[in-house]
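Labels for the chains are A, B, C and D, by order of writing; each one numbers its residues from 1.
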Amino acid sequence: MCVFSEAGLTVSSCETTSQRLNLLAPVTHLSQVSKFSHPDFSVARFADAPDARFVPAPSDGVLPEKFFSTTNLPTYVRVNGEWRMPKEPRMDAALVLEGDGEVWVREGRRVRKGDRVAVGYAENGSEGIFVHISAFMDETAEGEFKFMTSEVSREKPIDYSLMARLLIEERDRGGYPVWVAGPALVHSRARTDMTWFVSNGFVGAFLAGNAVAVHDIEASIFGTTLGMTGSGEATSGGHGLRMRAINKVREAGSIDAAVEQGIITDGIMHSLVRHSVPYVLCGSIRDDGPLPGVFTDALAAQDAMKRHTTRATMAILIATALHAIATGNMLPAFVTEDDGSLRELSTICVDSSEFVVSKLKDRGTHQAFGVVTNAQDFMHILKLYVERELVARETRTPPAAP
Amino acid sequence: MCVFSEAGLTVSSCETTSQRLNLLAPVTHLSQVSKFSHPDFSVARFADAPDARFVPAPSDGVLPEKFFSTTNLPTYVRVNGEWRMPKEPRMDAALVLEGDGEVWVREGRRVRKGDRVAVGYAENGSEGIFVHISAFMDETAEGEFKFMTSEVSREKPIDYSLMARLLIEERDRGGYPVWVAGPALVHSRARTDMTWFVSNGFVGAFLAGNAVAVHDIEASIFGTTLGMTGSGEATSGGHGLRMRAINKVREAGSIDAAVEQGIITDGIMHSLVRHSVPYVLCGSIRDDGPLPGVFTDALAAQDAMKRHTTRATMAILIATALHAIATGNMLPAFVTEDDGSLRELSTICVDSSEFVVSKLKDRGTHQAFGVVTNAQDFMHILKLYVERELVARETRTPPAAP
Amino acid sequence: MCVFSEAGLTVSSCETTSQRLNLLAPVTHLSQVSKFSHPDFSVARFADAPDARFVPAPSDGVLPEKFFSTTNLPTYVRVNGEWRMPKEPRMDAALVLEGDGEVWVREGRRVRKGDRVAVGYAENGSEGIFVHISAFMDETAEGEFKFMTSEVSREKPIDYSLMARLLIEERDRGGYPVWVAGPALVHSRARTDMTWFVSNGFVGAFLAGNAVAVHDIEASIFGTTLGMTGSGEATSGGHGLRMRAINKVREAGSIDAAVEQGIITDGIMHSLVRHSVPYVLCGSIRDDGPLPGVFTDALAAQDAMKRHTTRATMAILIATALHAIATGNMLPAFVTEDDGSLRELSTICVDSSEFVVSKLKDRGTHQAFGVVTNAQDFMHILKLYVERELVARETRTPPAAP
Amino acid sequence: MCVFSEAGLTVSSCETTSQRLNLLAPVTHLSQVSKFSHPDFSVARFADAPDARFVPAPSDGVLPEKFFSTTNLPTYVRVNGEWRMPKEPRMDAALVLEGDGEVWVREGRRVRKGDRVAVGYAENGSEGIFVHISAFMDETAEGEFKFMTSEVSREKPIDYSLMARLLIEERDRGGYPVWVAGPALVHSRARTDMTWFVSNGFVGAFLAGNAVAVHDIEASIFGTTLGMTGSGEATSGGHGLRMRAINKVREAGSIDAAVEQGIITDGIMHSLVRHSVPYVLCGSIRDDGPLPGVFTDALAAQDAMKRHTTRATMAILIATALHAIATGNMLPAFVTEDDGSLRELSTICVDSSEFVVSKLKDRGTHQAFGVVTNAQDFMHILKLYVERELVARETRTPPAAP
């Protein structure tokens, strides 16, 4: 069923592909329960290998220095010139040689003083222990049993200092970092931090939807977002406040006019207007209003966005699946420098779940690396690290426009 | 800081509001550590209450029938005419009276045979035990300590048979159920099930984005979605297949024409065209193509959607945050019957996380109830239940149009 | 089916309960499509109400000041002494009076200059517009149409300055804040921040599982957690490093001994030992090792934990469903002060998804308020705010023990 | 900073590792902005390649058959014997040759009739178009630009028929499928389905925690789980029902005794006892009760579990992070057949989020494949497919024990 074709396009290599790809296509993996051959132990690397070395456990429940730590993969231990599989295999345990020449996999806590425990770190047979990794994993793809290999995980540390350095370097070299943001950015208190990045020259262009601007302007006029106060309380009559905010801007004629007339006095949109940073607001079917200046036609919006993605030298995508994927679609994975050389286009994708980042990658934006956290916290810490790095560099920030 | 005003609009009642709303506004809850008074035990309901009754534990670690099960709220036990608070309060434990007249909260496993254990179910003092619920919770809001009160949770059972009955009744009474779907519906194998619902008269109108139609048509022409086969494998050259599918439809001129010309031979769009079920495809900035017929202007798309939401008698929103909220925005919470009477507009929202459903409710669609599951599985089981119900009713489905 | 009984316990009030609870029990909500009566407009509050006031729109797509903003609930507008329902109801729109006396719900963008638009904020009929909220919502429960009423959401702002103040006040009054943490705390870089809180007197007791201590000690000895470096890379041979760390501590005999012998030289466990802050490590079936000192018996572990929850004056639960619920189970919702007065026991629950916090509440820990974010970021910002607050108070932190 | 060492263990290969692993270690990926060289076009495969072929677009917005569909990677097009990079690179677009010999990347909708559009599927230069994949991705790891390559995603289809076949084959060959379940299995209505699998011989052993048995027994005695009815309503007095259920079993002395005495009359535990299927209930610190027979000591529990994982020929892990990882830790990745040959140990992990499955893999259980869905729905559909497959095989299920 895997062969399909359009006139001239035959994709018949699936079987082979899926076999090679077993790490990447787990369902296929399942589809035919794989069988494995034992290695050919007559080849030189195995035939010439030494026996495994065993050292007595120093006391009950304590393993000797350099004990071999097991994996869940097929494992062979050389004892008296013979390669044998230990009994009761499991990961994270030790190999114990019994008097009858049998090797057992045993948890450290169950080892008794004097038990003979295998030592060595090599898993390739060179110290008498062979872990048959290629039985299960694509040998070319590193060939090692490892933990924490997933691409995107909330369990991965976040390197804020590196992101801070990248941002500063982009600014200093005259780069064009494109920021793409969802409403969570404004909804929570990251608004002040985003405003700071705009005011201090870190934003080449700002791409967002109508909602981001609406929340930002509601916050400027009424002090609420979606009728919720800054400390998170729903308010009486609050549900209509963003409609009133929109109406005021429509009355003024444009966001720029509303800034000039003193209707919008702070926040992200205010800062973008004041510092002449270009922005694109793209419409969507869930929009209220919309605000004047929003591109309600999706194709016109794409063309407007692309004028900035074409110039982008870095991308920061925060808390938005729709806009992140839209931007990813039109963003090259690389930057062409003035001298014609190429470098990767650093792409940071921040979301509170692994899903959005994985989805972005699944749609081809492989270069994105994910930060799984709350948008508000991300902005706050990033700003902190940028400030620290600036102090460390004794860099003066350019004077904010009045 | 909670008072804000627009000319004429003063929202100054926040303090009061948040105090009454302490269940709903947890941050406020925190904002001032609440202090509580003890109840006035001189009032009749307490003064006239009997002492709590204690019964010996039948054996070690076993409580007597009808033991009182504690909560974590302030609790008072009447002993010798005096209301006293037991020591070491915690939930899910028993009340044990010691020889010195002191009452202890003790886990069942720690109770010894013969220990005097309080019995009774009443928490209102009438059996000598009073749980001061209103100290912490809004008394008017039920006034009971309960488990599983959250609105949306994957831990809630899903009543498929009820949903099946509602759908069938809507069809039989000539209702207008509006289905709103995200691409997950097609991406996974729910496509066949959705097609079945269309063919069998359960769909009044179908609202979706360009991507739903693109995936559906890619599946019809190439057998893949986003270049992934039906069993989940990525394929060589697959990334371009949806672009080729779009191109074929653009060449045909319209989706309807592509159906007529035999380019699209099965699936959701095919079924909608064949059965003359109206559909609206709304554009978004992340769209590929788009397909001909997609409303690229968001306001035109809203107007087109609203022609259907205005007629809606039921709404089923599946695997789409954007379209679900868009629809929720324009959907009344009620249906006006021909005789002028009102009933609730049943609104089902299916998503793989609690977040989307809560978000929908947070934006005012309070009547939505959430089903937290995978879209593919939802569709499959719903169809199964509808089929069973139809058999049970000996209802014949209307003959599918040719 | 909702009536069930144990000898003497009859729970027959479900019907009533679910009707009153319609906001809380959405499935029931669905189970019988609710019908609603129109209000009785002959009662004084309606009979004596004025007609709604209409004001011309100042220009195309712009509404007059104080326009009435609609909801999705049944709405009645008084025109010429008659209460009538507007046509095409939806939320976030305006009410427009046509020449024929009919009122329409219309999006602001569709209003033309001169259209007569209803004004007023009151939804209770006093200005001629009545929103029938109690038709759908429990009237006693606030009786207002609101946005953002969900309890736990990543869209809620996080009040770090308040949490910082609470922590400092607890420390200054000699409180006993109990910290409960999952491995994400160590796994990511929050380890340094947690160590800081321990060293500076903010931790009364520390409750965790074996894994937290294992990761922390692996980090101290090898610089990795689960074999992953501080910048998130999987390493060769890394999968065995935590087993080697455990083995070294087992060899030393105890965590305290390992600190004294200079095997563990920094981190959370080191700090707890050095500052004599009590800790409880509870075993679980997924444990490696375990480390010496871990309570492998769950009941012994519960008893050990309870010695601290009984004294707790505040609880901070970070990135752990299992331990958070375990602690919630044994934690009273209140603190009894020395003078016998009661106050709420502030309980903060941090997790990267809404689910854990909702689950904790669903199991009865209603007082918990949730912070939906990454544990690493939470710790970093909380520390920052505590430091700021301390500076602001010109408070000197107590000298760290040597 | 990546070099760390224990006596004898030096992990100094990180730099190299991370460079080769750039797909797997995105943070590293970021750590040094990669620069790329252009390919050496003087080598034979490029020097001998033909010019790219261009075909006129048949009409506005329609591309010719077999158009080349772009990626976001560095791309080179051979025109008049020269390899040149097209302008404005982005994915999912076409290559258009302008009169000046320049090639542009252009969205299909922007192509005009007669524009010269590149055709061909090959990305390796053999048709005059070269996509420099190895610039960004590990060339050995497939070397193709693909969509949907993530391992675990709710967007992947679920192959229930395959899982059904595997289960039936395991049963028929006398295999030992180990089921590991979290409380969601009982909490929602999957309880009946799980009971069916036990009764029909598909369960070799059942591993779970105290809570699974508590909820199951509460359901048997009171018809509720956590005090919630089968249709999801919280009930008055419901919070104590599971404590009453536990107490009854403690009174009976054991789960088996409670079944024999007619206290437990249906459900999973009832079925396990009746069909003599072995089960292990492992204690945890959050346990209520616990039930008699629960292993409260984690090490004793591990030993009890291991007696089954050692025999396992298949593993099904449902809705439990703790128990799934515990089982993964002690489960080999392979089964040794009686004839000494090896096959993969099929491991299915079901959870409502990608996170648990990815975490399981990150801890070394690479062979697990994930099903991201609601446990209740998973069980229901799996049972349905097993039933269908059994009918198809005309297989009679073994008579259920009395």
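Here is the rule we go by: a residue touches a chain if its C-beta (ideal position, glycine included) is under 8 Å from a C-beta of that chain, and two chains touch if they have at least 3 such contacts.
All values derive from a computational prediction rather than experimental measurement.
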item	value
Interface with more contacting C-beta pairs, comparing A-B to B-C	B-C
Distance-maximising chain from chain D - centres being C-alpha averages	C
Chain centre separation in whole Å, for chain C relative to chain B (CA means)	18
Distance from the mean Cα position of chain D to that of chain B, given in whole angstrom	25
Centre-of-Cα separation between chain B and chain A, whole angstrom	29
Junction residues of chain C - those touching two or more other chains	9, 17, 21, 24, 26-27, 31, 71, 91-92, 109, 121, 145, 147-149, 154-159, 162, 226, 230-232, 234-239, 244, 288, 290, 299, 302, 329, 353, 362-364
Chain D-facing residues of chain A, complex	7-9, 17, 20-21, 23-24, 26-27, 29-31, 33-38, 65-66, 71-74, 85, 88-92, 107, 109, 121, 135-138, 140-142, 145, 147-159, 162-163, 166, 299, 302, 306, 309-310, 328-334, 336, 340-344, 346, 348, 353-355, 358-359, 361-370
Chain D to chain B touching residues, read off their complex	58-59, 61-63, 67, 69, 71, 91-92, 108-109, 121, 144-149, 154-159, 162, 184, 187-189, 226-228, 230-232, 234-240, 243-244, 246-247, 250-251, 288-290, 352-353, 372-374, 376-378, 380-381, 384
Touching residues (chain side chain A, partner chain B) in the complex	1-2, 4, 6, 9, 11, 13-14, 17-18, 21, 24-28, 31, 221-224, 226, 229-239, 244, 282-288, 290, 296-299, 301-302, 305, 321-323, 325-326, 329, 353, 362-364
